[in-house]
Structures are given as structure tokens and as C-alpha cells.
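Letters A, B, C and D mark the chains as written, and numbering starts fresh at 1 in each.
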Amino acid sequence: MALTREQMAQRVAQELKDGFYVNLGIGIPTLVANYVPDGIDVMLQSENGLLGMGRFPTEDEVDPDMINAGKQTVTARPGAAIFNSAESFAMIRGGHVDLTVLGAFEVDQEGNIASWMVPGKLIKGMGGAMDLVAGAENIICTMTHASKHGESKLLEKCTLPLTGAGCINRVLTDLAYLEIENGAFVLKERAPGVSVEEIVEKTAGKLIVPDHVPEMTFD
Amino acid sequence: MSGFDKRVYSYEEAMDGIESGMTVVAGGFGLCGIPENLIAEVKRRGVKDLTVISNNCGVDGFGLGLLLEDKQIKRFYASYVGENALFEQQMLNEEIEVILTPQGTLAEKMRAGGAGIPAFYTATGYGTPIGEGKEVREFNGRHYILEEAFHADFAIVKGWKADRYGNVVYRDTAQNFNPLAATCGKITVVEVEEIVEPGELRPDQIHTPGIYVDRIIQGTFEKRIEKRTVREG
Amino acid sequence: MSGFDKRVYSYEEAMDGIESGMTVVAGGFGLCGIPENLIAEVKRRGVKDLTVISNNCGVDGFGLGLLLEDKQIKRFYASYVGENALFEQQMLNEEIEVILTPQGTLAEKMRAGGAGIPAFYTATGYGTPIGEGKEVREFNGRHYILEEAFHADFAIVKGWKADRYGNVVYRDTAQNFNPLAATCGKITVVEVEEIVEPGELRPDQIHTPGIYVDRIIQGTFEKRIEKRTVREG
Amino acid sequence: MALTREQMAQRVAQELKDGFYVNLGIGIPTLVANYVPDGIDVMLQSENGLLGMGRFPTEDEVDPDMINAGKQTVTARPGAAIFNSAESFAMIRGGHVDLTVLGAFEVDQEGNIASWMVPGKLIKGMGGAMDLVAGAENIICTMTHASKHGESKLLEKCTLPLTGAGCINRVLTDLAYLEIENGAFVLKERAPGVSVEEIVEKTAGKLIVPDHVPEMTFD
């Protein structure tokens, strides 16, 4: 069965390591914070200028001067640091964030990502996404494997305008966990109950399928 | 002393000299830390054909969204403009020219303008529509594009506390683009919640040194919240 | 928690991994705000052929001057090296290669290295020996030269207070190059006068966010004064 | 008579305006701070990272963490700001300092300045001088008009390696106050008792001498 959004977040959270500074995009990536494994501490970076993002505030704690990159009210955990936007993106662009998790419309076998613009549709802007994909060495892209109409989002070449070129090396879809190496997707894990055949069928880009493709495991 | 007393006592005085056709850089992220009263004064004055540089364009009826109502903005540099129906409409009608700029590049272009750096290279946007028409260059095997600095006629900034010399501190994430905007305006106007005596702010804890600031005004703020998100207490 | 507890308890541990031939960037201006114990540890280890980036080279017998005694430095990037007889001698004997770098360019090259900016343009040094061999480019009718970022294997930094996460504040003008050096080291080691509990430092008043810092050590400091200048009380 | 060092500082101080942010170099420029006219307040920038430099400390006030760009112990005045070196030079390079006063070995009629290096002699470095001359729009260069051997320091073309190209527009020597315009020195004032002839004789670069050259006046 395809993973739920929560399971996708849970699978991504397995990639967290103790002491990681992590930037989580909007959507499924945000949910990752709910599944940080026991015994592991990560520090969340919010690109508007907050390192050490805490929980959402209680009604009493709400403060208009304290928001996250999604413009939601948040809190800062003890030991947080707050800084201006140039400093925040110095951190991101300079490669100091250990892991970035973000959504996408399409990813291709060269590691290109398209996530911000669909020609003909209203363009809202890239926000910090282009800086994040250009800055992080370690990015996990989360997305459904195919569109509602069954069209693959893992392509030979992105069809939409790019967010970044050659910068993605890991993709988690609702069907599989894949890595991008030497111009191909490498199938590393499949969702419980999802067949290799289904993944092959729904992957338009070059796909390397090892002899053994384990199912994902969840605690 | 008078030469360093940058306090003004009305918003009219604070925005004195702004004219149609000028470039205005504004601090703020979403509705957080926006110079809301200075924006309202720009609206009141009715100046037109403005080029505005700011991460977002407020919302309908608040923040920079106010300047859309009378079509005061001709060109807008921003990283994200999705919160505003009037903006969308003017963008679709081509009444407003939008130059989308990645958020980090936007911040760095402001800083560069203030810091006498005319241009810098960044990997952000390489290989994307943002890189089109820009110089590409390789350093240590990676591709970068050349981005040029921002300069503005007016910088409008929201601080927390300031002294009369124009030294400013910002509170929490209301800092965002404000100290960067403050550096790249020919005239920099800062509105704050409180003006304190010189010496009350610890010198090594000042975010914006007074040298960047031309006018300081104390105001009151609505501080509207865009996405109130709470958990059970 | 352990992943973010960056405290170490010996200078040996603090400089673990430094090897001959590495590049070290050091904070400090003159003898103010220098990582004096970290430098002493580099001396103790006897590593050689170091490339050192720092505004000055200390004085004879203190600060980075210590590293001259056993000829540990091969190449030195600085803006001013006039306070040090041993340095002069090694420079004249060509035992040390000196790349003089304007002070502002030195600071900006450190910041750029930390910020993922591979290169930037500056007017500083255009038309001078510093500009020779560097790309010249005109922006708005003025000439600028291209300067590239610094990267170091180790950054050694002196702070005032820090928490175990590596958030650091600096005191008065002992700040100088320290927060910039902190950003451009593969391994950044900060020695401070006091380690405080997380939360004691106001988040919006932190100079160096912990993300840049790998190791924190609490030390005691001589803080030698280079030019004691007083007036009658 | 040629001006004393104190008179040179006093003459430069006449160029100060209320509200100026000023960077004073080492030597005669430093003395300018002693002659700020009554009713005028200026804020001194010290390029190691201090805006609002105060007096030297008393013995009790001496603090090793508080020094100026000359590495002397100083104090900060109320309303001072202290920042890192990148910020300090952002301020300088970005043209935010209203006036910079610094010494030189040579200045030429094109506004070039040489102040940091004499080939064959030990090179100590330029410190912040190159940034200061490149950043300020308003620079006053202070120097003796000629060397001890009578050789002019106001040249057609600098002979020493430059600190900055085409950036100097005002020069105060012990004999005269001059401005540089369109490739020539323009003699604006002469030191009390110094003849135009002496200045002409000791100026190697192109010199424009107006019909009337007033003597400097001091309070």
C-alpha cells in the first residue's frame, strides 16, 4: 500500500541523526518533526531567521514577533538563536544545514528538481526553496510517486521550470525510497506491500533495481 | 547633539521627500516585523510608480497590500507573493511587474547594496529561470550566477527599540529583512515601539548601528498575525 | 541532547585533528579578542606548514607570534604585520609567505566563505598592487576587483559567553573578526570565558549561532594589552 | 610659517559638520578629535568595529576588550555601537562614513594616493587604508607638502605603489589646503605667512592658483 503522509514523514525521520540541523519545508516535511526518534535531538532551522524552532505556542504564548517560515506562530526552544535573513541564508547557502526536506512537483534522474512554478498557472514565488536546494548537500525530496492521473513525477528530465539543477540525491515517495546516482534513480526500499513492478511502471526516469529491494520498516 | 538626534514626531515628517517613481525597500517577512505605519503613510501620500523591494506584499488591506489599492506599485521584487488576491489580479493584468527573487538572494542583494559590494556570485538559481540572462561562472567545479546589489531611495524599517542616534534592536523573528533593508536606503526611516536613552542599549548588542539610520519615529503597532497556529495549553 | 553538547574539557581535545599543512583562520585584532589558549595548543602540538588567516600575527612571544618561534607558519594572510620582529625576520628570509589583504576584504572573504558566496566584487584595492592579476569589472561607471572566499580547515575563535549548543556572544571590540572566522572553518573551535545554560543568552542577541560551532571550551585568559593608553582620571 | 601638527589638525577640524560620522587615521588625523568646534558633534568610527569612540580610559577604566583601530585602549561614548569587522567595513565600503582623514606619502593630481608601501623597505601592510579610500566619498589627506629633502609629495603621478586610485579630492599639507579637480591641484588656502611662490615651488603636480589665495584662519 502507498504510504500515508504520516508514514512518509516517519520514514524521512529515520534519516535524522543526533545533532542534525534540519530545515523542513511546508507540507509533509513539516510533519517530520513529529517523528523524531527517541534519543535523537535535532535542531530545526526556519529560514526566516530562527535556529531551534520549538512547538506551536499555547494561546497564552502567541507572539506576533515569533513566526516560522510558513508564517505560523511558533516558539523558540531554550538554546535557540534568532538572526536576520542574510545570516539565515548565509547558513543555508554556506552548507551548514545538515539536512533539508522539501516537496517537489518533479525530480529527474540528473537530480534536477522542479517545485515552484507551473507555466500557465499563477506564480506565487520560490521563497527560500532555490537557496535551500543550492545550499544543502543533503536533501530529501518528498512527493507522491505519480500524479492522480498516474503520470510519473520521477522523470528522465524535468518538464517544469527548475528550482535547482543537479542538487537532489534522495527521494521519498509514497511508494519508494530512492537515491539518485550517476544519472539514474536507484530503488533502495519499497513501501510495505508495494511491488517492484508497480514502482518500475510508475517511474519514467532511468531506474536501477537491485536484486533485493527491502520493504520499509516502521516502529 | 542636534546633528545626531534623528527623532521625528510625525509620520508625515518621517516620509518627507518620498516621490512618485522612487524605489522603496521594506523590511518584514509576511506580516511579521513590517513597518506598518510607514507603509500607511506611503499610501496616504498617494505617490505612484513605486518600485518596491520586500520579501512579500502583505495581504489584502494590510501591510504593503495597502499600496495595491490605488495601484501605487509599478514594479515589485519579492520571493513570494501568494497571500494577496489584489496582487494576483494586478499581476495577471500586467499592471504590476514582478521580479521574483530567491529569498536568500533578496537578502544578500540588500546587504550588498549597503556594504559597497556591487555584485556577488551565488549558486542559488543556477540552471533555473532565475539564472537566465545572468552571467554563469565556475568556481571549484561548481556553477554560480552573478547577482547585483539593490539600492533604494527610501528604506522603511520596523525595529523594537532605538535610541535617538538611530541605534536599533529588533525583537525575535521580527528582525528578518529589517537590518538589511536599513543599510541600502539613501534615506532610512525606522519606526520602533520604544525610544530609549543613549547608553541603554548595550553597544555590542545593537543590530543596526545609527550610521545607517536617518530618521527614527516611535509608533504604535497592530502587529496583525497572518497564520495563528496554537497547540492545546 | 548529546549531539548538541559541544563542550570539550581540555585544549588537547579542542584542537584534536589539526595537522601539518592545514589552513587555520583565527579571530582577533591585534591582541584583542584572540583565541590565546587555542593558539598555545597549536604551538604545543608542533604542527608545521600552516596557512594562517588572521588580521595580525600577534607580537613576539604572544598570540600568533608564538607560532613563529618554531616556524610553524608557511603562509600568512593578514592586513597588518608590523608589530613583530620575528615575523619581519622570517618575511625577509622568505621563510614565511605573506599575502597582504586589505582589512575589509579580509573580513568579507571570511564571511563569504561561510556564506556560500564563492566570490564578490569590491572597489578596495583597484589600481593598487592588491588588484594585480585580479579580474577588473565596471559597475555603474566604477571599477571593482574580484575577490574570492576564504575556507579553512580549522577556525579558532575567542568568545565571551557561550552555551553548550555553541551559541556565542562577544564582548565589546573583542568581537572583531571572531564571528566571521567562526563561519568559514570546517571545524570551528570557540574558547570562551564562561559557559552558561541554554536559554540564558537571549536568542535574538546571539552573535554566532551554534550551527557554526563544533567545539566549545571554557578557559582563562591573560588578555594582554598591546598599547595601554590612558588619560588622567 | 608651515603649520604645526596641531594646526593641521585644527584646520581639518574646520571641515567637520554637526552629525558627521568620521574615521580618523593614525598620526595627525587622530589629533583632529581634539579640535572639534564648539556646538558640533561628530561620531568617530574606528574600523576594528566601534562607532562612537570616546576618550582614552582612566587607569580604572582600562579594558583589554575595548580598543581602537590603533590598538590603543579606548572607551565608548553613550550611544556607541560595536560590531564585527565585516559590518565595520560594510559601513566604510558602502560609503556611510561622512569623512575620512588619513595620512599619505604621496598624492597626485589624478587623486591617486600612496600611503602604505615603500619598495625596498619593510612592508607592514595596508590595514584598513585601502578600504577607507575606496569607500569614502569625502577624504582629506594630511601630509607635509614636501619631504625633508625638499621633494614635493604632491605629484603629477605617484611614484610609490598606490593605496587607492582616483579617490582623493582634498589635501591638507603644512603649507596649504588644496582640492583636486579635473587632473589638477587647486590651491584654496595657504598657511599663515607662507607665500604662493613657496607652494608653487614645492608642488610637482599641476597646480592651479586662483587670483586670490586666502591665508588660513584659526580661532
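Keep this in mind: a contact is a pair of C-beta atoms (placed from the backbone, for glycine too) under 8 Å apart; a residue touches a chain by one contact, two chains touch by 3 or more.
Each chain and its UniProt protein: A, D = CoA transferase subunit B; B, C = CoA transferase subunit A.
Predicted model only: the values in this text are computed from it and were never measured.
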Notebook entry, point to check: For the chain pairs A-C and A-B, which is connected through the larger number of C-beta pairs in contact?
Noted result: A-B
Check: Distance-wise, how many Å sit between the C-alpha centres of chain A (CoA transferase subunit B) and chain B (CoA transferase subunit A), to the nearest whole number?
Finding: 29
Notebook entry, point to check: Between chain B (CoA transferase subunit A) and chain D (CoA transferase subunit B), what is the gap in Å from one C-alpha centre to the other?
Noted result: 35
Notebook entry, point to check: Using the average of all C-alpha atoms in each chain as its centre, how far is it in Å between chain A (CoA transferase subunit B) and chain D (CoA transferase subunit B)?
Noted result: 55
Checklist line | Shared-contact residues (touching 2 or more other chains) in chain B (CoA transferase subunit A) | finding: 108, 111, 115-117, 122-123, 170-172, 175, 203-204
Next item on the list: For chain A (CoA transferase subunit B), write out the residues touching at least two other chains, lowest number first.
Entry: 50, 76, 82-83, 89, 92-93, 134-135
Margin query: If every chain is a node and each touching pair gets an edge, what shape is that graph: line, ring, star, complete or other?
Written below: other
Next item on the list: Just spell out which pairs of chains touch, all of them.
Entry: A-B, A-C, B-C, B-D, C-D
Check: Which positions of chain D (CoA transferase subunit B) touch chain B (CoA transferase subunit A) when the two form their complex?
Finding: 17-21, 40-43, 45, 50-52, 76, 78-83, 87, 89-97, 134-135
Item checked: Residue numbers on chain B (CoA transferase subunit A) that touch chain D (CoA transferase subunit B), as the complex places them -> 1-4, 111, 113-117, 163-165, 167, 183, 197-199, 203-204, 206, 209-212
Margin query: So in the complex, the part of chain C (CoA transferase subunit A) that touches chain D (CoA transferase subunit B) is made up of which residues?
Written below: 29-33, 55, 78-83, 88, 91-92, 98, 100, 102-108, 110-111, 122-130, 143, 160, 170-180, 207, 223-233
Check: Can you name the residues of chain D (CoA transferase subunit B) that touch chain C (CoA transferase subunit A) in the complex?
Finding: 46-50, 55-60, 62-68, 70-74, 76, 82-86, 88-89, 92-93, 112, 117, 122-131, 134-135, 161-166
Checklist line | Residues of chain C (CoA transferase subunit A) that touch chain B (CoA transferase subunit A) when the two form their complex | finding: 108, 112, 115-123, 137, 139-140, 142, 144, 148, 169-172, 175, 203-205
